[in-house]
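Heads up: the structure comes next, in structure tokens.
So that you can tell them apart, the chains are marked A, B, C, D, E and F in the order they are listed, and the count of residues begins at 1 in each.
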């Protein structure tokens, strides 16, 4: 039975999650140098185009097509072709909301996940190659992991792991792919003195859109306008708030200043961490989730600087560490007698396996994709030296972000 | 004619411009720059709010005005007085460069030389 | 009977559609030169003020006031005065949603339509004259066409034409008015070398807000939180996605670069084209709608450059061609056995007549309004030479968009 | 009983109200000089972190914890500790919406109110001191006044005053605190020639987000997706529209130009004024509310320039005068036979007392807080001379808002 | 060699650059500035759309080019003609400053003097 | 004293500044400009993503430093080495202009001449 209130809420939640992708575009775009802002924004924006199409045509079916149980358990790993082109996905029938609305809501998750990766290789990844990467990655990495965790016959769901809104599927997955991509594309040129964000207001604008959009992401993931949504909404807000303040205060005591970019990063870290947990922790638990996220991700950003890997916008430190912490944290703080606080460790073990599986598969599959793309003539991962120096906006997109009067 | 080019703190621009006009300048032109003299610089965050890095250069504003040779000392004095920040002991107050200009043309009328200033 | 889920959704949809107008302001504002960005933004923003008032006082009544059938069929062409000032428009009674909520939702359409026009005459149209134009145009052009197409006794509705969310009323109508206005106000000064957008991130921000807002525009037009809304939401997203990618790829193969502004324009073209069709095409049909929009509007932008008419931001090429294509496309791809794909041509013929009528009336009526305004002493369409050269921000609004420190 | 449609709407409304705070950040951020934009944005953004935590832990309980009536009527002035940490605040039970959703919705109001204050002391208030101020002010000023006006046993509610969505609690309260803070922190340096907004598009972006967010603020305050929400939505839009046009036209006739910042300020003034009235006036009444707001606040801004108090972004002139006018206007235009237009003066007298009480308490309590903070070693209200001259972005946050390429 | 520095209206930049190239300049550099000559200035709003204040300075663009001494008059004439706004009676059309440059180096090759122009 | 004005690629600014300091400059000032030398320029989109147009001018950065006459060659050499892009065959690497400065004033102290550098 369809409930119009739930339909209303999930329609809005879908719009909010879609809006997160341009939000991310501005968050990332503000962090890079001015000559690469269009490029960085486009990595995210074009995902709204490309991944929508993939998802409609085959992505949703691969992720959520569940056939009759087969002998070898193949269905535990990947969906079937029943829903190609949203065939037989009803716009009017479903459980609380129409099936098509679920498919649309999930589309928005598939859009933002690869966009998250782009922060790692920003300012140097070739745009045409990225378009191919998008298609390959969503098909070969995102859809399978999504199936494992969220499809009714997915094996990770089967072991009792809890990932309410995408700690493994979205964040850990993207973060692992990010670190791999940053490694294979190599370090940026001319960043020895560090890169100051070229437009901090854009970073804050992006963070604000992400924060608001995340209400759709998490509070929509219960697929109904009910108490679960209300609780998820609250804990999402609290984790963001606590992590933002935590990062800010650590930064203040560490450096003497509370950076706006840091506070925004803290908020995002908190939002990442609460994602797998939003349906299962209460208000006080969310404070713990947020505090851990703010502190751990701050430390992770600092440790990452010791690596040779130029994860330009710290995707792994924020989404990877934040996602892993969230997956553990839900097993600690979960209400209903399944959390470590109640002496139960099964969930922790299940989530641990889920995290390891996600990291392992994403790392291997993404690496294979990248190595192949690097070798395809005419593609290749990296723009040329001149292209990078002059900026990807001009060299990849034929545009300058900001043009002053008189100076055309 | 001479060109007087002053590199000053952005927040002192208005007083300096006023002082220049009072000292008899016929016009002025200014633009924002970044620079470093003896000044220490600042610490800024880089990346995703993580790392703190030193930047020796600071935002400054260059103001230039072209005047008759006779006004040189008056304008310099005016600028020095107006550009100095309170207390006057802090470094970073700026510098003035003087150089020779051989000709001036007023676009509107085509006039040349001091009359075009 | 009022359904609270539908009320919730249409409240949100109304907010989303209103948000499109500042979205458009940024989309357009980023495309002009920096000395005209406030002016361009204000053309849209002030419409939120002026048109809200007109709509409340008399616009809604002219558009949707339906009296008893009169002898000469006058009611087929224009509404009556029953709803002046929203008199007798109930906040609590209605069919699914209260009548007042319908009136509010429609208000947001009336606000954005004239704002769309402004892209054509940006960077030179006199602001005070524009205020008068707004009042005249909404009253004399928008309200009647709105009545024809959407009022229960409108003649275009009567001939069986389908315009789900405003292909004729909003887009074709605005685009035709745009080309007329661009013609009468004349070409801009100093644009021989082409105008590079002064702030591409603003263009993308605007496009993102438009994309999200369009979910309210289209998925709200069924006035309920139901399967129609879900389908409309999906096809809206798909058309935008396909058109964005189509425009991007054509541009890439044509020029060697995929411009961000182009991709954003493609998305908007797709959104325009799906507007009349969102309630009547399925997921696969929406791919066709989007593909046609991306390709046709790209070509249209290029052909427009051959004209002497300086439609500065290509309103006609995107909203005119996109709207016409959408009106045809719905007749091609419509589900339920009424589309050309099912061998039915009646809808095509009805929509063809609707398009021609809209173009004809809008062209004539807008031209008359412009010619009169041009002759009224103290008004006149165009700012002076000095005003245009120094920029409309300073000359019309007494403001500079961006002021650097030290430089007041 | 929970109604899913209302839950859907109030979830969205909560998200919209939260989004207003970054909207305000951009509105204020665009108005200051470029060297203080991060600082100004952060005053608002950090409130999303700090106040969320306070509200969860004790703020909500102080504001809405209602115990059994005590002998001395203490409960009329402040809540009890029943809801500390949202203990016993149900996510599933409530009247139309779950209690927890009400608590979340109210959280968003508590976040934005202190952020409104910051416009008065922008460009010079010390950030660390501000963090302490936030905690103290929300606890000692906001929570009590919120209790008086909205808790079931609050004394202002008891005298029959009407404040639908926060004219006294939010706007007058913040405005009075603002003028006190501006007075005690002292005038800015180097502003003799007036400050031109450094980024007008940001101001408009902020105003647009505020306008849209205000639909959640006002139309959500009825806590249901019903006719009250629909009416509140409409009158909110109309007041903003009329006030924007009114301010614009007065400005045009007064100075010869219609400033974009002025129009945006007018819209905000209208939104402020309709806030206490949105549930009680009809469409035509809202025109009166908006007109008064536009005219009175315009005049107030001009008179404020004669004061020695440097209320940098005119918080008192807009939110104070607008809020007072709104509280009076609801008593004039209220429908249902309680307004002055129907010859009833009781509401006017009740609202007058509410306004006076709010002004008095806010002024005294804020002053005490400020004087104490100014004397605490290591805190103090104002940044040093060098910090202020170089800009608060660099000196308080270690960041520059805009960094050009090549110039790191 | 001489440096010709022209302060012109932003909307005249393209014609001036074109004229410079036509007159034989080897290169040019330009940047946006703010300035004041005899020009009146404009009224702008300050604060929250409330107050109207006078600003004498206007946005301008500085274009400089370094050329051989022999091209001086040709370039000046080209700039004057191209920079003048329609009608040519309005103040604010700009000014040209000429000064001496003692040496030029082309970075790429290390060439010096006129050949490096 | 002389003024050394270098027009360089934006991405070479940091190495050039470092080289200047190493070569004994007392300070420097830099700002972003647009310019054209022998360089080809780029194609950019105009309008609504439709048309591709040629722009000969490219973003550059001007760095200027005023030094004692004796340091002229050292500074020029330092700039040339640091400003050259990898390979050194590409045009667009920039140009250096040298001119005479007759006086320098330190605002803070009022000192004049070389001591004020």
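Going forward, a contact is a pair of C-beta atoms (placed from the backbone, for glycine too) under 8 Å apart; a residue touches a chain by one contact, two chains touch by 3 or more.
Computed from a predicted model, the values in this text were never measured in an experiment.
Contact with subunit D and subunit E alike is made by A, B, C, F.
Homomeric contact subunit B/subunit E: same residue numbering on both sides for under half of the interface positions.
If you average the CA atoms of subunit C and of subunit D, the two centres end up 34 Å from each other. The geometric centre of subunit A is 49 Å away from that of subunit E, both derived from CA atoms. Note on chain placement: the centre of subunit C and the centre of subunit E lie 42 Å apart, centres being C-alpha means. If each chain is reduced to the centroid of its CA atoms, subunit B and subunit F end up 18 Å from each other. Within subunit B, residues 9-11, 14, 30-32, 34, 43-45, 52, 57, 59, 90, 99-100 each touch two or more of the remaining chains. Among the residues of subunit D, those in touch with two or more other chains are 3-6, 8-9, 12, 35, 193-196, 199, 205, 225, 255, 257, 259-261, 263-264, 397-400, 404-405, 407-408.
Contact topology of the protein chains: fully connected, every pair of chains touching. Residues of subunit B touching subunit E in their complex: 3, 17, 26-31, 66, 99-108, 110, 116. Residues of subunit F that touch subunit C in their complex: 43-53.
Against subunit D, in their complex, subunit A makes its touches with residues 3-6, 8-9, 12, 16, 33-35, 193-201, 204-205, 207-208, 211-212, 215-216, 219, 224-231, 233-234, 237-238, 240-242, 244-245, 248, 252, 255-261, 263-264, 267, 283-284, 287, 391.
Touching subunit D in their complex are the following residues of subunit C: 2-9, 11-12, 14-15, 18-19, 21-22, 25-26, 29, 37-38, 41-42, 45-46, 48-50, 52-53, 56, 85-86, 90-92, 97-98, 100-101, 103-104, 107, 127-128, 199, 202, 205, 225, 393, 396-405, 408. Contact residues of subunit B toward subunit F in the complex are 2, 6-8, 31-38, 57, 60, 62, 76, 79-80, 83-84, 88-91, 93-100.
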